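There are structures below to look over.
Below, subunit A partners subunit B and then partners subunit C, in two separate complexes.
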Partner chain A sequence: MSANAGRADRAGVRDGETAARAVELAYIAVVAIVLLLMMLFGLTMRAAQAQYLDVQPRLFYVLLTMHGAGMVGIAGVAGAVVMWHFVRRHVPVNTTVFLANLVLFLIGAVLILGSGFIGGFAGAWTFLYPLPAHSNGIWSANAAAAYMLGLLVIGVGFLLLHLDVLHGIWRTYGSLANGLGLKQAIGLKPEKTGPPPAVPAATMASIVNVLGIVIGAVVLILSLVNLYVPSFTMSALVAKNLIYFFGHVFINATIYMAVIAVYEILPLYAHHPWKTNRIFYLAWVASTVMVLIVYPHHLLMDFAMPPWALVVGQIISYLSGLPVLLVTAFGALTVVHRSGLRWDTPSGLCFLGVLGWAAGVIPAIADGTIVVNSVMHNTQWVPGHFHTYLLLGTVAMFLGYMTWTAKEVPHETIGTEPAAFWLYVGGGIIFVVAFLAAGSASVPRRYAVHLAPWLTYDRIGSLGALLVVLGVGIMVVQFLVRVPALARLPMTAVAQPLPEAAAE
Partner chain B sequence: MLRLAAAAILWFGLWLPPLRSGLESDMALHMTVQIPLLAVVGILIAPEVRRFEPRWLAEADWLGIPGIVLVLFSTSCWMLPVALDSALGDWRMEVAKFVSLPLLVGMPLGLSWQRMPPLGRLFVIANIISKVGALGGLYLAAPIRLCAYYRLDQQAEAGSALLAVATAAIVGAFLASFFGWSWRRPFRDAWKGHRAVATATDASPSLPT
Partner chain C sequence: MVVQNVVWAVSIILMAAVVGVFVWVADGASRHVVDHAPLTAAAYRLRPWLFLILALAMVGANWRTLIELPYRAVASARVLAAPVQRVQVVGEQWDWRITPNQVKAGTPVAFHVTSRDVNHGFAIYDPSLRIVAETQAMPGFDNVLRYTFEQPGIYQVMCLEYCGLLHHVMRATITVVPR
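Then we have the complex of A and B:
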C-alpha cells in the first residue's frame, strides 16, 4: 500500500515537473516570438526615419505605441520566466498561476494590438492623461479603452504571479525581510545563513511590482472613466506621477528578475558558486527602497512638480541602480576571473547582460541630472540609454537563459550560434551608439519624419537594428526547432547544470 | 458568546441616533467608519454562526470564492452614491444597510476567508486596495455633487479619506508581509474553539499545481 502511495507520489511530482517544464517552454517561445516581432516594429520605425521605407506618420505612431507597450510587457514576461525557473528551486510556487499569467498576457496583448492596428490607438505606451481621451478623431474612446483594458489584464496576471512568489518566499523564510536577507544585511545573522541570490532578487522584484501594479490599476481605472465621462477629470500631474511610478517600477523590475540568470548560469560555467555576503544583501535592500522613490526623474521637465521631489529624483537616480549593479558586476568578474570558464553563447550573453546594464546606466545617470535633462530629455539620448540596458542588458540575460535551455538538445544549426551572437552584439552596439550620438546632436525623439542632417544617424541605427534582428532571429529559430525535443526530455536532463559543472 | 455580545453592542451603538446621525452627517465618516464597522459586526458573528452552518453550504463555498464574490458585490453596492443617498432618505434602505452589511459582507467574509487559498486572500486584499483608491480618486475627480445629501466639499473630503484608507492599507499590508506579521491571526483566533466542528472544507486548500 505504502509502496503504491510512494509510486503515486513520485508520478505526481514527475507530472508536476513535466507541466512546469511545458509552461516554461511555452513562455520562452512566446517571449522569443514577440521579442522578434517587436524588434521588427523597431527596425521599421528606424528605416522609416532613415527614409528607407515609406511609413505614414499615423502608422509610425501606432508602431511606436505597440513597440513600447510590447517591449515593456515582453521584457516583464522574459524576466518572469527567468525568475520563476530559478526561484522555484528554493521556494514553493504554483504552476497554474504561472500559466495563468501567460494566458492573461496573451489576452492583454491581443487587446493592445487590436487597439493599435484596428482602432488606431497611438497615445504612446505611457498613455499619459489626458491624451487617450483627446485623439482629434484619430482613434476612438473604445480603442483607447481596449489598450487600457489590455494593460489591466496583463497587470492582473503579473499581480497573481508576484503574489504567488511572495507567498512562497514568506512560507519558506517567514517574512519578505528574511527573503531579502535583511538580517544578514544589517549584521543580525551570519552571511552564510542568508538566502541564495535568486531569492533576494525575486523578493525585491515582486515587492516593487505588486506596489506598482496596484497603483497602476488605480490610474488606469480613473483614465478609463475619463474616456467615457470626460467631465470626470483629475490632475494631469498626479496622473503622470502615478503612471511613471507604475511604469518605472515595472520596467526596472524586468532587469532585477532577468539578472537571476546571471547569478545562476555563470557559476555553472565557472565551477564557482556565486558568493553572497553582507554587501550583496545590503545592495538588494537598498535598491528595493530606491526603485520605489526614484521615479520623479521622469518628471524633471515638469515645472509644476515640487522642487524637492525633483531633487530627490536626481539624487536617487545617481544611487538607485548602483548597489545591485556594482555587486552584480563585481560578482560576475569574481566568478569569471581565472575560472577557466568555457565561453559559449549562453555564458557570453549572461556576461554581456551585466556589461550592457552597466554601460546603460552611465547615459541614464547623465539624463537624470536636472540641467542635462532639460536639454537632452526629448532627444534620442533617452532611447539610447534605455535601449542600452534593455537590449544589451535584460534581453541579453533572457537570451542567455534561452540558449542555455536550448543547449540540452544538440542541433545541426549549432554552428551558426557564434555568428548569431556576434551579429547581436555588434548590431546592438551600433544601434545604441547611433541613438546616443543622435541625441548628443539634439536629434529629437518620437518624430516620424526626420530632417536630412539627421539621416546619417538613422541609417547607421537601421543597419544596427537589422543586424540585431538577424542575430536574434537565428537564436530564436535555433530555440524553436528544439522545442519538441526539449518537451520530450526527462526533467532531470533539462536545463540542469552542464555536465562538467554537475561533475564539479 | 462574548463576540455575539460585542457584535450586538456595536450594532445597537451604531443604530442609536447620536452615533448614527453623527456618522451619517459626514460623507467621509459614513463611508470610512460606519460602513466598515457594520461589516465588523458580521465578522464577529461569523464564528458563532459557523457551528450551525450546513455542510452543503460549506462545501458549496468552494475555496471561499462564492462568499468573497458576494462580499465584493455587496461592498460595491454600498460604495455607490445613490445607495448612500437612499439610505439617508428612506428608512427602509437604512434598515437594509444595517442588515445587509453585517449579513452580506461581514459574515461571508468571516466564513469564506479561512477557506480561501493564501494567494486568493492576497489577491482580494490587492483588489480592494485598488478599488478603494480608484473610488477615492473618482470622488475627487467628480465635477458635480454625486450625493444629494452631501456638499461638494464633503464629497472631496470623502475622496481624500478613501485615498488615505487605501494608502494606509497598502502600507500596512506591505509592512505586515515584510516583517512576517500574519493578518490571518485575528481570524484564526476568532475561530479558536470551533475546530471540533470544522469540516474538511475548512482546511486552507491550495490551487491545483
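Then we have the complex of A and C:
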C-alpha cells in the first residue's frame, strides 16, 4: 500500500469514526431526554393515584399509553446504542442504517404523541385487539391509526438496524450460529475460540427482535384494517398471542442489548476480562429459544388457551431465570470480587443494572406461576416486577454507558454524581417495592382512580418516583451540558481504533 | 394460607438475599488480590452447586404448583361431575351482567365468563378486598372459572383488563349466602 493511499484510508476511517460518534451522541441525548420526559409522565400517574394531583381519567389513560409506548420504545433505542457501540468493535456495521433507525424512531414518536395528546388515543401500549377500534367514542379511528402507524414506523427502523447487525455478524463469523457461539456451547469447538461477549448478546437480541417485529407488524396491519373495515375481524385470542409475542420479545431484547454495557465496561474497571466459557455461550443459545417460547405466561388467565402452552409458559419462566442468575449475575460478581476496582458512577450503575435484573427476575417468576397468577394477574405486582428489571436494570445499564461516555469530559458538576446515583437507587427501590406491596394487596394495575385503602402504597411509591426523577434528572443534565465538548473530542480519546487503523 | 402473602414474603426474602450478595461483593471489590485467577476458579467451582440448588428449588416449586390448575380442560372427572351453581358473566364497556348474582357458600360455582366488546378481566375480591380468583372475559370465548366460596358475604367484581375510559369503575357485586 502506498503512503498516500494509507493516509487517505486513515482519513476515511477518521471520518467514519466522527460520523459514528456523532450519531451515538445523538442517540444518547435522545434517550436521556425522552427517558426523563416519560419518567415525568410516570410520576404524574403515580401522584394521581396517590391523589396528590388531580388528573382526569381521560388524561391518565393517555399518559399511561404514552408512558408505556414511550418507555418500551426508548428502552429499545437505549439498548440499540449500547449494542451498536460495542458490537462495532468486532463486526462491520453501517452508520447510515444506525442513523435511519433514530430518525424513524423520532417520526414514530411524533405520530404516537400526536395520537395521544391530540387524538386522545388511550388504548394502552399493547393496543389489545379490539380495544383500539372500540373506544366508545373516546378516540377516533384516525387517532388509533396514527398510534399504530407510529409503532410500525419504529418497527421498520429496528428491523433495518437488526438486519444490518446480523449481516455484519454473518460476514465476520460465517454464520449466526457462530455469532452465538453455538459450537462452543455444545462442545464442538474449544471455548477459547468463541466470540467476545458482545457478539452472542447482539446476535441473540437481533435474531429474536427480527422475529418479534415481523409478528408485531402482522398484527398491527391486521388491526389497522379492522379500524377502517369493521367487518374484517380476527380472533381476539390469536391477536393477543401475536401481540404478547411481539411485546414480550421486544421488551426483553432491550435488556439483552443493554447488558453488553456491563460485559464491556465492568471489566475495564476490574482490570480483567469477562470470562466467556462454554456455559456462557450455552446460556445465550438457551435464552434465544426461551425468550421466543415463554410469552404464554402473559395469557395464563386465558382459559381458552391450550393448557400445555400455559404449562410450558410457567416452566420456561422459571428456566429463563437461570442464565440471568448463573451467568450474567454470577459473572458480574466474579469479575468485581476482590478486583481492586474503584467505584464511580458508571461502574456503580453497570453493577446496579445486573442487580436490578437479577432481583426483578424473582417476582417475575412468581407471577409466571399459574396458581399465583390466578390471584395476582394484572395487579400492581406486574409493574412492580417489570420496573425492577427495566428501571433498575435496562435503564441502569444505559445510564452506566451514558455516564461512562461522558467521563471523557471533566465537568465541575461531577461532584453531584454520587448524590444523583443514590437518589436514583434509593428512590428506585422504594418505588418498585411500593408497587410489589400494592400488588400483593390486590391493587389493580392501570387504574386511574384508587380506593382509599390503597392510597398509602401510592403515596410511598410517589415519593420513590420523585427521588428517581431527581436523580436521573441530575445525570441527564450533566450529560447534556457535556455533549458539545464530547462532540469536539479527538477521536483517539473516545473510541477504540478500528482494527484496520490499529494495524497500520 | 393466603397465596399473596406467601408470594410477597418469599419474593422479598429472595430479593433481599440477592441484594445482600451484591452489596457484599461491592463492598469487598476495592480490596485487591494480586492474582485473581485462583479466586475466579474457586467461584466457578461453586457454580455447579448453585445450579443444583436452583434447579432443585425450581423442580420443587413447579411440582407443587402444577398439580392444581384452574383450567377445565385438565380438571379431574370427579371435579367435573360435582354439582355446580352456574353463573353467567358478561362484560361490556363498562358494566358486568352477572346472573344470578347470588350464590351459596360451600358449593362450587362455575362462572361462564365472556365479553360483548373488548377484553375485560373478571376478578373476584373477597370482603377484605383481596383477590380470590380471576379469569379473562374475552369476546368470542366462554371461559369457565370454578370457585367455591367458603365464607358468606358481599364479594366485589372488578375489571382487571384495561378496557378504556371507565375501566376503573367497572365493578359489580356477588352476594354469597350461607350454605
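In this section, the second predicted complex is superposed on the first by the 489 of 504 C-alpha atoms of A that agree within 3 Å, B and C clash if a C-alpha of one lies under 4 Å from a C-alpha of the other, contacts with A are read in each partner's own complex, and residues count from 1 in each chain.
Just so we're on the same page, contacts are C-beta pairs under 8 Å (C-beta built on N, C-alpha and C of every residue); 3 or more make two chains touch, one makes a residue touch a chain.
Here the structure is a predicted model, which means the values were calculated and not measured.
By the document's definition of touching, of the two partners only subunit B reaches A:T96; subunit C does not.
The wider contact with subunit A, measured as residues touched, comes from C rather than the other of subunit B and subunit C. Shared-chain residue A:L160: touches subunit B; no touch with subunit C.
Once the two complexes are overlaid on the shared chain, A:N178 sits against subunit B while remaining clear of subunit C.
Residue contacts after overlaying the shared chain place A:V225 against subunit B, while subunit C stays out of touching range.
When both complexes are overlaid on chain A, the residue A:W170 reaches subunit B alone and has no touch with subunit C.
Subunit A uses no single residue to touch subunit B in one structure and subunit C in the other.
Residues of subunit C that touch subunit A in their complex: 3-5, 7-8, 10-12, 14-15, 18-19, 21-22, 25-26, 28-33, 36, 39-40, 43-44, 47, 50-51, 54-55, 58, 61-62, 65-66, 68-74, 93-94, 117-119, 121, 123, 125, 129-136, 138-145, 158, 160-169. Of all residues in subunit A, those touching subunit B in their complex are 16, 94-97, 159-160, 163-164, 166-167, 170, 174-178, 207, 210-211, 213-215, 217-219, 221-222, 225-226, 231-234.
Of all the residues in subunit B, the ones that touch subunit A in their complex are 118-119, 122-123, 126, 129-130, 133-134, 137-138, 140-144, 166, 170, 174, 177-180, 206-209.
For subunit A in complex with subunit C, the residues that touch the partner chain are 57-58, 61, 64, 122-124, 128, 130-131, 134-136, 138, 235-237, 240, 270, 272, 275, 277, 279, 301-304, 306-307, 310-311, 314-315, 318-319, 321-322, 325-326, 329-330, 333-334, 336-343, 351, 354-355, 358-359, 362-363, 366, 369-379, 433, 436-437, 440-442, 444-449, 451, 453.
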